[in-house]
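What follows is a pair of complexes built around subunit A, which joins subunit B in one and subunit C in the other.
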Partner chain A sequence: MSAAHFSPGQRVRVKDARPERIARLHLRTPHYVRGRMGTVERMLGTFPNPEDIAFNRPAEPRALYHVLFDQPPVWNEGQAGDTLLIELFEHWLEEA
Partner chain B sequence: MDPRPENVALLEKLVAALKARGIVTEEDISLRQTIAERANPETGARMVARAWVDPEWRAFLLRDGTAAAESMGVSMRGNPPLGVLEDTESVHHLVVCTLCSCYPRAIIGYPPHWYKSSAYRSRAVREPRAVLAEFGTVLPAGIQVRVVDSTADYRWMVLPMRPAGTEGWNEEQLTALVSRDHLVGVSLPNAAQKVSRAA
Partner chain C sequence: MDTQEIPPAQHDLGGNPRFRCTPVEPEADAPPDAFGKRVDALRVVLRERGLLTTDEQRLNIESLPEADYFGLTYYEKWLRAITAVMLAKGVVTWEDLQ
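Then we have the complex of A and B:
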């Protein structure tokens, strides 16, 4: 099991990348949170990288986190205090 | 609705080919069928009711949903880990899978059609309160909505708050109040509303 790079409470940014525009890919990172700032809730465990599983390639275990986002900034609407909690893999997160 | 004969023929060919290559056996298929048929929202409802009456079991359920489900006789083999989202007096959870239709099938059964619809999947993350209102759900003032997008390797169920007016009720009575929709978070259990379950 690989050590977690991020800890609970840490601010992170989801990579603002659109790799699917360049090649055929399978991603588990929704578009609407790319480039957004969130807070790590906790690490959920390590799981084989789905981006490889989808193409039947050997899949390295990757750390998976629950990351919490304020909901209104993501959509420019909504009620203050509402949040989004999303499972994101470590290689999609960067220190904010 | 009966399946179309051409679809059945296609399925039979596929199964025969998988068996011929040693990828599946008849036993594998029967086992999966049994698990699928046994899975229904009453399992999740029993887990919720037990958490309402037994604080120790509630803590176990929140810590390790998979082990808690197995301790109630659910086979979690081959299923992703189960996470449990605890509603409180300040937060209500709503589960969606925007990318596909991830759903805790082992303890709720198959997802309803609306859960898989692009309307629910796109709107639940963007305007959750409007979606809740369409399900007739009015949250008490001061409750924040936390939308849980089931994007990867866990499957999530909501542990709702125990409804007012159920003081002294036993597990069986409480189980009868909990429906599939409560486990997804689109509505809230209510002491005056028993859930009708198909046999």
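Then we have the complex of A and C:
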């Protein structure tokens, strides 16, 4: 899980999941990008999974990426060309 | 995306109209007061002893009741979260805190 699965320029989709509806979880993926398509900018490194750290469990290293999205459809505002760049862990991404 | 109809968690604020176009508060980046410094010192000590991580603290801040989440000050929320983690781990008991 620590090797990067996605490459810069690759199109990805954020998993359209709300697992926090099932249990108290510590998720770092904002709701507004779930289910949306974006483009991998770069891999930032591997970091212990905060979803585990928050519950004092052994935390497996996970790849973290900068992913770029068109901003206007995310919040229904902004102009063409506006973008949103956020950090997302690999286990929240799937090939688009 | 049918999940968009479910309200997001209270800390997941991006795009929420309630928080748009509000002026920046100049005091928001002010250095911590004496209380804030004590809370931060406590956090550092507990972290160095392996009793507290940033994500444990964040989880417990984000889990505060809504009135507390939006009503308490920054370092009050830290202290509430630190206390919750220490209680859950049995480092302190609720009787200790009375």
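Observations
Here is the rule we go by: the second predicted complex is superposed on the first by the 95 of 96 C-alpha atoms of A that agree within 3 Å, B and C clash if a C-alpha of one lies under 4 Å from a C-alpha of the other, contacts with A are read in each partner's own complex, and residues count from 1 in each chain.
To be clear about the criterion, a residue touches a chain if its C-beta (ideal position, glycine included) is under 8 Å from a C-beta of that chain, and two chains touch if they have at least 3 such contacts.
Note that the coordinates shown come from a computational prediction; the quantities given were computed from them, not determined experimentally.
Of the two partner chains, subunit B is the only one that A:Leu64 touches; subunit C does not reach it. Once the two complexes are laid over each other on the shared chain, residue contacts for A:Ala96 go to neither subunit B nor subunit C. In the superposition on chain A, contact is made by A:Asn56 with subunit C only, not with subunit B.
Contacts of A:Arg34 after superposition on the shared chain: subunit C is touched, whereas subunit B is not.
In the superposed model, more residues of subunit A are touched by B than by the other of subunit B and subunit C.
In the superposed model, A:Trp75 makes contact with both subunit B and subunit C. By the touch criterion stated above, A:Leu85 is placed in contact with subunit B alone, subunit C being left untouched. Across the two superposed structures, the residue set of subunit A contacted by subunit B and also by subunit C is 30, 32, 50, 74-75. Listed in rising order, the residues of subunit A touching subunit C in the complex are 16-18, 20-21, 24, 26, 30-32, 34-35, 50, 53-56, 74-75.
Those residues of subunit B that touch subunit A in the complex are listed here as 81, 83, 93, 98-99, 125-129, 144-154.
Considering their complex, residues 1, 3-4, 6, 8-9, 12, 14-15, 53-56, 58-59, 62-63, 89 of subunit C touch subunit A.
Chain contact summary for the complex, subunit A toward subunit B: residues 28-30, 32, 44-45, 47, 50, 64, 68, 71, 74-75, 77-79, 81-89.
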